[in-house]
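We call the chains A, B and C, going by the order they appear; numbering starts again at 1 in every chain.
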Amino acid sequence: MKTKSLFAWVIVTLAALYFVVPLLATLEYAMRQLATGETPGWFFLGKAHSFDAFVSSIVSPRFQVDFLRSMVLAVAAIVLGVLLVVPTAYLIRLKFPGWRSPVEFITLLPLVIPAIIIVFGYSRMYLATPWSPFNKSPFATDVLLTFGYVTLALPYMYRSVDTGMRSIDVKTLTEAGQSLGASGSRILFNIILPNVRSAVLSGAFLTFAIVIGEFTFASLLARPVFGTYLQEIGANQPYEPSALALIAFFITWACMGLIQIVGRSRGAAPAR
Amino acid sequence: MATTVLTTAPPAKAGAAGRGLISWAALGMAPFALFAVLFLIVPTGLLLIRAFETPDGGITLDNIAEIFRQESILRSFWLSIEISTVSAIGGAFFGFFIAYAITLGGLPPWVRSAIMTFAGVASNFAGVPLAFAFISTLGRVGLVAFILRDWFGVNFNATGFNLYSFLGLTIVYLYFQIPLMVLVFVPALEGLKREWREATAVLGGTNADYWRYVAIPVLWPSILGSTLLLFANAFGAVATAYALTGSSLTIVPIQLFAQIRGDVLNNPGLGYAIALGMVIITSVTSGGYILLRSWSERWVR
Amino acid sequence: MAYLEIATLKKSYGANHVVKNFDLNVERGEFISFLGPSGCGKTTVLRMVAGFETPTSGSIRMDGQEVTSLPPNQRNVGMVFQAYALFPNMTVADNIGFGLKIAKRPASEIAPRVKQMLDMIKLPQIADRYPFQLSGGQQQRVALARAIAMQPKILLLDEPLSALDAKIRVSLRDEIRALQQQLGITTIFVTHDQEEALSMSDRIVVMSEGRMEQVGTPFEIYNRPRTRFVASFVGTLNLLQGRILDPLSGRFAIDGGQEIGVSGGFPGAKAGDAATLALRPEGITLGKGSEASNCLDGVIEHVGFQGAIVRIRLRCADTVISLDAFNSPGAPPPERGASATIAFGRDLQVLASA
């Protein structure tokens, strides 16, 4: 027993090193940027450090525009994703169990088909053709990009919502609502949705995490977002990219943490 | 199916709402179906079909044949396969031990949930930010270089290690491959029933007997399936490589990236054929993962 | 010297005393059941005998050998788990022969033994099937065969029938008992189902909250429960609370005033002491009964027609008494609210308090 625990601790410690050291290194690297004339933060490895790279990268107007665009796109992708997935998962559970397998297959496709292939398809079908509405303006392309993000997040959103619906008896709740005189959409939004709230939120945070760091879609659809901005300044600036990379990491961490938190609290509203 | 729901509705509403209920339901599935067709199935299908088309619309296998004729393309595929294989096996190997440590290693429960959360984060941390994280760590002026120089007197750069190489990219890929393995494999380990180990013991078996005759055979499909998943995951990844090595390491996604941006191959059909090749490879390996997973689930019930 | 000697066995997890002072001697070939509710410690004792848990104190001897600190794979015990625990990657034949295989017995020895086991559990045709292709009952029989194939000194069964359907449970119960008697293996059977324990065992150990409540034959446990717990856990029980009127003659007044008599009196008690008597429903009859029997008047509160048995609840002031009457096709059962008289013998069990 004891030797087994020791072995396990060694493995976990080594793993922690491999995974934490790059994060520390990124922090250290990002802190090497000094504003001219500023006194250094503290000394490590004999070099001066400061938080200047973090400040300067956030303060940059282009960063703010691109990051904001990422946020807006993420929210749009979440809303659209929920509107697509929740009724579908609901109807499959309630009325069309035979559709379950094909729909699940479709939701697995974005995991099987790499993102670059999907965006290749978008590029040829919606950007290169004259009759497509999506190449008429940057906003239109943003819409296309949102659709792309919904597609990327589809497997996670669907699985999350489906699991949530499995744990509540959708059929009985619906019948109870009908016997009280509620219409279909009212049942869906006032009865079902609140009860799968935590599953929906989990899917939402996952979508957010995916969209924030995404690069491939945005780059090939030529829309400036956080991911493309990061890659661009990576080619030009020495330290700011590392600062932003760390920020991106912690945003992802926050999303995962929030998923845990909402997952622990029950989705149903407490009885009053 | 629809009728069962109808009969439970109050009789007074059966007439009007009954009919409304059916058409509303079918309509409810329409957005999803429309979305899937327009933004997933058709764009991808378009590429795959065009792989078999000539520029004037005829059918040909020439685009695919072209892949095998062009040395650089073949080398790209081979390079991608190599990186994917190495990072998949490496990820599976290290991930197995980490998964083992947190499930069966006798560690306190908080370690398991901390690592699983981190694994969830790290497996999503692929792409551009990850590349910069590793540049900061293993780059020429990264942290490791300075620690080795200042604390151990070792000249890191003289060792010839180059982050922007096959080895470097593999090390970076492991950062999201290992967590993915942990996430996917922990459930399989937790599916090992405690009673199997106890049954082996009362029948006279040692720990080694248990692993050799029971645990590993039961886990084998999961291990193989997870490795296939990791392979597919690495094969399709582009952002990390692009941010790290730019166009210098010509893995297939990078080739495709350049081709999509501007027709660098001077042959659109070839681009589509390459896409087809990628889809086939990732489908077969992902499909293998799904198949193996359902096998092992059926066994273990 | 008994075949299995368990002496002052204790098991605690920190401040949680799961098993408190377990003492038992089991003779060779005996079938002993540990009976009790969930959490009473019966499985823990079993697992200590198997070697999966280490006792906090106390000792276990098997066939004269001290095994308390011996690891499970050296004790030569057989174990059948509630969840069958068949190895999913092996066929039925491989499962049964597994113990012999890792003991490095030659194939020429393993194959006939496996066949013998399959015949014994009456499933010779499933040798090449995998566990997931079998029903629950079949899996459990294979698990039994796997345990017996090693000719263990002691066979341990941890609630083996709890996961099965009621019908299979009954037939498998008889099969297990028949097999055990045929082979003469010393067996310990853990269950929370009193019917199983009563019908299968040579002796029963009733447990509650880590303590042994009573050890005895099924007849003793059922008819002479020594504590309130045993009396109420095993079978339905009527509790008559009241005061002793005369400890020598056994006169007793139940709450509500009516008098009855207990043969044997109340040794050691005095008039005015409170006491509780236990009375089984099947020992009560409707009607006045004979001169020598006890008699109580009351009002019928509830009549439950269960087919062959009619369960009647009678209220005598503060006491409610359940009695079972056989269905009589000629005479319909009494009505709710009617007055009635019941009769029962004087041989009542006095319960130790608490």
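Everything that follows uses one rule, which is that contacts are C-beta pairs under 8 Å (C-beta built on N, C-alpha and C of every residue); 3 or more make two chains touch, one makes a residue touch a chain.
As the structure is a prediction and not an experimental result, all values here were calculated from the model.
Summarising the inter-chain layout, the chain whose CA centre lies farthest from the centre of subunit A is C. The greater number of contacting C-beta pairs, out of the two interfaces A-B and B-C, is seen for A-B.
Centroids of subunit A and subunit C (each the mean of its C-alpha atoms) stand 57 Å apart. One simple way to say how far apart two chains are is to compare their mean CA positions; for subunit A and subunit B this gives 17 Å. Work out the mean CA point of subunit B and of subunit C, and you get 54 Å between them. Contact residues on subunit B toward subunit C in their complex (touch as defined above): 193, 195-196, 198-206, 209, 213-214, 217-218, 298-301. The touching residues of subunit A, counted against subunit B in their complex, run 1, 4-5, 7-9, 11-12, 15, 18-19, 21-26, 28-30, 45-46, 83-85, 87-88, 90-91, 94-97, 99, 103, 106, 108-126, 147-148, 150-151, 154, 174-175, 178-179, 181, 183-185, 209-210, 213-216, 219-220, 227, 230-231, 234, 241-242, 244-246, 248-249, 252-253, 256-257, 259-260. Contacts from subunit C toward subunit B in the complex involve residues 50-52, 71-79, 81, 83, 85, 87-90, 98-99, 101-103, 130, 132, 146-147, 150, 152.
Per the touch definition, subunit B reaches subunit A in the complex via residues 1-2, 5, 8-10, 13, 17, 20-21, 24-25, 28-29, 31-32, 35-36, 39-47, 50, 94, 97-98, 100-102, 104-107, 111, 115, 117-118, 120-122, 124-137, 142-144, 146-147, 150, 174-175, 178-179, 232, 235-239, 242-243, 253, 256-257, 260-261, 271, 275, 278-279, 282-283, 286-287, 290.
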